[in-house]
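There are structures below to look over.
Each of the two complexes below includes subunit A, the first together with subunit B, the second together with subunit C.
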Partner chain A sequence: MIDANLKKLCLYHLWLAFGAFALACVFGEFQVLERSGLLSIIQSPAVYFASVSTHGVLMGFVLTTFFIMGFGYYTAASSLNMPLWNPTLAWTSFGVCTAGTVMAAIPLLLGKASVLYTFYPPVQANAFFYIGATLLVVGSWIWAAIMLVMLVQWKKAHPGQSVPLPMFANATNCVLWLWTSVGVALEAVFQLLPWALGIVDTIDVGLARTLFAWTLHPIVYFWLIPAYIALYCYVPIAAGGKLFSDELARLAFLLILLFGLPIGFHHLYMDPEQGHEWKLLHMVGTFAVAIPTLLTGFTVVASLEMAGRKSGGKGLFGWIGALPWRNPTVLAALLSLLMLLLGGFGGIVNASYAMNAMVHNTAWVPGHFHLIFGGTVVILYLAIGYRVWPRLCGKALYSTDLALVQLWTWFIGLGVMTTPWHVLGLLGQPRRISSVNYNSVLTLAWDPYELVMIAGGLILLASAALYVYILFRTQTASSAQADAGDDAMTMAPPAAVPGWLNGFLGWNLVILALMAVSYGYPIAQFFLIKTFDPTAWGY
Partner chain B sequence: MHINTLEKRWLYVALGMIALFVGAMFYTSYSRNIHPPSHVETIDSASLHLSEEFAEDKLGVQPQPLADGRLQVKLVAARYGFYPRQIEVPAGRKIVFRLATLDVLHGVHVPMTNMSTMIVPGFVAEVTTVFPKPGEYPVLCNEYCGLGHDHMWSKLTVVAPDTWRAPTQTGVQQ
Partner chain C sequence: MSAHDPSENEQVPVGTWVLLCLVALGMSLAWLFLYFGVFLPRGAVT
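Up next, the complex of A and B:
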């Protein structure tokens, strides 16, 4: 049930998300320009690393968290067709998250928190940066609690019925996020905050990296699940067909929840503080989590194929041309799947236990995650924005044609930017450098690729600006439009799915067991062996 | 739960692919002992200069190879360089790098080779590699370590095995 207060709540979250996104694109373009060394006047490591830190926090934490919360409220209220539980608490959550964001933004912009969005002690930031980031997480826990309360209330009122798929996915994401955020929360509360506030002098870096790895992988599934909600719920209907299999979709979400969590050590393959047996174990889980993604690829493409054939597409590939490419939701899905295919290939390389040594911390890695994050995830956030804005504002979308231009330019921009980025990595360029100062002939080969990246960044920035413009014009249009409802959100779920595909209680025990196996000893070892903890360093 | 025949087939394909990848990795890691650097060994980063192994006069290519013939190289990573700044090693021979950081987190890689490891405060990083081709290579820091990170690099010269001479002592620039 979408009432005026909920619309306002959603719009506040989504505006903050997309505002952060557009601002982060400005920082991103500055970074490719600075790094290329084209304009000597803007060369500055201090500004560059402050910018990288801000860009990462805005994209990785602010855009995602606020978008997921806003869209989560919308999903719960519309798919369960019930009013938001405790709106005051929801606004409190928004307030806590916003306060946290502002508190972290001030030191970031002043260059007092240039520790990158991954924190990386023993380089130490201003304490307000850690406090702000912690508040953002705490606020999102309130959101997750509201979502789960609504799920429980609905199930009580509808015994024996299956939870609508959008809400099932949304609730999976809440459970996933609560598990995911524990790692970084432990790091913040027991390590970073006491250390940044001067209560303790030293920090166990190995433990901090292990706890951060706990969060670092599943957080990408927290970001991904809303995009999958679009793929499973919006896309088949927008293409003129229906979802191939509701049950398999639920299975995919549950597998992401199970396998997404206990696999963070593929971020630590090259680290000396964990033994190789643990890395191998996490490698197996990393490959296992590819299964729900492969299932998703199948289900979504099968749904699209059914839709294409229904519209008269013939032959092995004819259905692709018969799809409604001029529908923003369908276009975003097709481009997203294409980039997932390419990015997924790169991900397999990164996940490959020993081969990772060839690309670890090279420019290949940011190339990879920009393709997956910007390409697969954010393009669907943008498409969701186009879907929900008319409904939240009661206005028609300003221009479908401009929306198509925006989505195509986002896709082209990502291609132009991430292709040379991958190549630079293979040519040995480290990530996270603000200029090239190595007196080596090898680095001459890097120059042309950095120039191409400037063009890619510029296309992306223009596309992001166009996006905000379309949303703004939609919201401020004079003519109102009647609420057309949201058929994908209210699509009838299958009569009854088995209990294990309808709830999370039992799954939490399985996750607990998996986490105990994969993180129990690796965390305990820091208390069993004598570690030498360094003091804080500036930067 | 109902699974369509096509879905079932695709699931088998997906599982088969994953089994192939994981199987290949287990095979190479155990039959050929290929693992990423995972040497869980602690050290006090704050007192490297007093340590047996990483004191300034102990660094660089070690005159005596290990019992199994591997050459040992000891480096300290510190803002902003890998010390000693220049080293010379022979091509085609197994080399064990042992690295420790004096200050913050660093990472190291040599482009176009598989020499790569993180260097975490409080731990010794150990990585074994073979450089097949002679040439001059940069040794680059690949983890943000401070505002001078861009300038953190050293030089590695790989020479043909028959022109390489073992150093007579450690701790000197070659």
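Up next, the complex of A and C:
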């Protein structure tokens, strides 16, 4: 049930998200140009690190958070067929998040928060950056609370019925986010802010990195779940079929919630503050995430196969050609799955404890990250935008052909940009550096790859600009189209699913136990082991 | 067509199974190549 106020709320969130996205693409292209050293006039480490920090924050925190919130409101109201609970609170959440974004943006753009989007100490940012980031998280907590209240209200009004799959997934994301964000919240409140405000002189970097690892990996699933909502709920219908199994989809979301949370230490494989046994434990958990990923791959591809066969596809793979490739939702899903496949392989290499040493501090890592984030996640955000914009604006999509061009160019751009990035990593190019132009025989061999990356970045920038143009022209078109109605997203859900696939109360206890095992001692050790500091947080 | 058409439910997604098996095989081979062909020959970190 989407009224005018909710449409406005969703559009505000989504415009802010995609505005940040487009701006971040401009910064991204500047970065590949600057780092290559091919244009000496723009060489500036200070500007580079300000740019890369802003790019990371815009993409990783602003695009994602605002998109997930806006799409979350849309998903809840449409799939539950009920009005938004407490719109005033929802607008307050938007205001808090926007204020936080502006507060963080000022020091970022002034070069006072060039700490990359991971803001690992001992690199320090201006206090306003940490306050702004904290406000963004607090605003998102309000959103998560609104979503969970709506879930509870719906369940009370529909006893015994299964929660519609889109909302089940949306609520999974809220629960995941509330657990995920605790780590970075503790780091910000007890370490970064007191340190940046001068209340303490220094902080325990090991503890800070451990707390951030708590957040750093599961946040990827926070970003990913809306993309999975599209894969499970939009794509099968857009392809002309139906979801292969509602129950498998629910199981996949629950397993992401369980396995995705206690596994952050694969980001710390090269760190000294955690023992090998803990890293090994987290590695096992990291590989366990392959299970819901495979479940998702199977369920979505099987849904597509059913749709393709229904459209006349024959033989083992004839159904692939029979799919409606000219449908933006289907095209984005196919390209997303392909990039998930390639990026997923990179992830397996990263997660392999021994082999991680080969790629850990190299260009391989940002190459992998961009392929997964831009390729699997963002391309589906773009497709969701194409689907919901006409429903939010009451206008037809400006041009399906242009949308297809935009999706293909995004896919090609990512391939062109991230392939050399991976190769450069294997050749030993370090990451987190502002210039690769050392004028040695070794680094001169990197130049051709840098040129290709610049071309890839240009394609991506053009694609992002085209995306914003299509949305803008859709919204500002003079002729309205017939109301497409609320997007129910799935065909009739099963009448009833087992209780354990329909709620989260018990699962929170399981998560608590898993988190206690995975993070209990690794965090407690900072307080138990005697150090020269008066407190573990710093002194 | 109803949401629970029995004829659809009886379909086995053979293509999907084969595709996923090929993907798993490809990933395993690529991992083995990187481990034995690139990582180990580089030797220990010194």
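Please note the rule applied: the second predicted complex is superposed on the first by the 521 of 539 C-alpha atoms of A that agree within 3 Å, B and C clash if a C-alpha of one lies under 4 Å from a C-alpha of the other, contacts with A are read in each partner's own complex, and residues count from 1 in each chain.
Heads up, the rule we're going with is that a contact is a pair of C-beta atoms (placed from the backbone, for glycine too) under 8 Å apart; a residue touches a chain by one contact, two chains touch by 3 or more.
Just so it is clear, the model here is predicted, and its values are computed rather than measured.
Undergrad: According to the stated criteria, A:Trp319 is in contact with first (subunit B), second (subunit C), both, or neither; which is it?
TA: After superposition on chain A, A:Trp319 lies in contact with subunit C alone.
Undergrad: After the superposition on A, what does A:Ala354 contact: first (subunit B), second (subunit C), both or neither?
TA: both
Undergrad: Please work out whether A:Lys242 is in contact with subunit B alone, subunit C alone, both, or neither, and reply first, second, both or neither.
TA: After superposition on chain A, A:Lys242 lies in contact with subunit C alone.
Undergrad: More residues of subunit A are touched by which partner: subunit B or subunit C?
TA: B
Undergrad: May I ask you to decide whether A:Phe190 touches subunit B, subunit C, both, or neither, giving the answer as first, second, both or neither?
TA: neither
Undergrad: Quick check on the superposed pair: does A:Arg309 touch subunit B, subunit C, both, or neither? Answer first, second, both or neither.
TA: A:Arg309 sits against subunit C, while subunit B stays out of touch.
Undergrad: Check the residue A:Phe345 against both partner chains and state whether it touches subunit B (first), subunit C (second), both, or neither.
TA: second
Undergrad: Quick one: classify A:Val123 as touching subunit B (first), subunit C (second), both or neither.
TA: Only subunit B is touched by A:Val123; subunit C is not.
Undergrad: Would you check which partner chain A:Val436 touches, where first means subunit B only, second means subunit C only, and both and neither mean what they say?
TA: First partner only, subunit B.
Undergrad: Considering only the touch criterion stated at the top, classify A:Tyr469 as touching first (subunit B), second (subunit C), both, or neither.
TA: neither
Undergrad: For subunit A, give the residues common to its interface with subunit B and its interface with subunit C.
TA: In subunit A, positions 244, 294, 298, 302, 348, 352, 354, 357-358 sit in both the subunit B and subunit C interfaces.
Undergrad: Which of the residues in subunit B come into contact with subunit A in the complex?
TA: So the residues of subunit B in touch with subunit A come to 1-4, 6-7, 10-11, 14-15, 17-18, 21-22, 25-26, 28-29, 34-46, 103-105, 107, 109-112, 114, 116-126, 136-138, 140-151, 153.
Undergrad: Considering the complex alone, what residue numbers of subunit A touch subunit B?
TA: Within the complex, subunit A touches subunit B at residues 45-46, 49, 114, 116, 120-123, 204-206, 209, 244-245, 247-248, 251, 268-276, 279-280, 283-284, 287-288, 290-291, 294-295, 298-299, 302, 348, 352-354, 356-358, 360-362, 427-438, 440, 442-443, 497-498, 501, 525, 529-535, 537-539.
Undergrad: In their shared complex, at which residues does subunit A touch subunit C?
TA: 242, 244, 294, 297-298, 301-302, 305-306, 309, 316-317, 319-320, 341, 344-345, 348-349, 352, 354-355, 357-358, 426, 491-492
Undergrad: Where on subunit C does subunit A make contact in their complex?
TA: 3-4, 8, 11, 13-16, 18-20, 23, 27, 30-31, 34-35, 38-39, 42, 45
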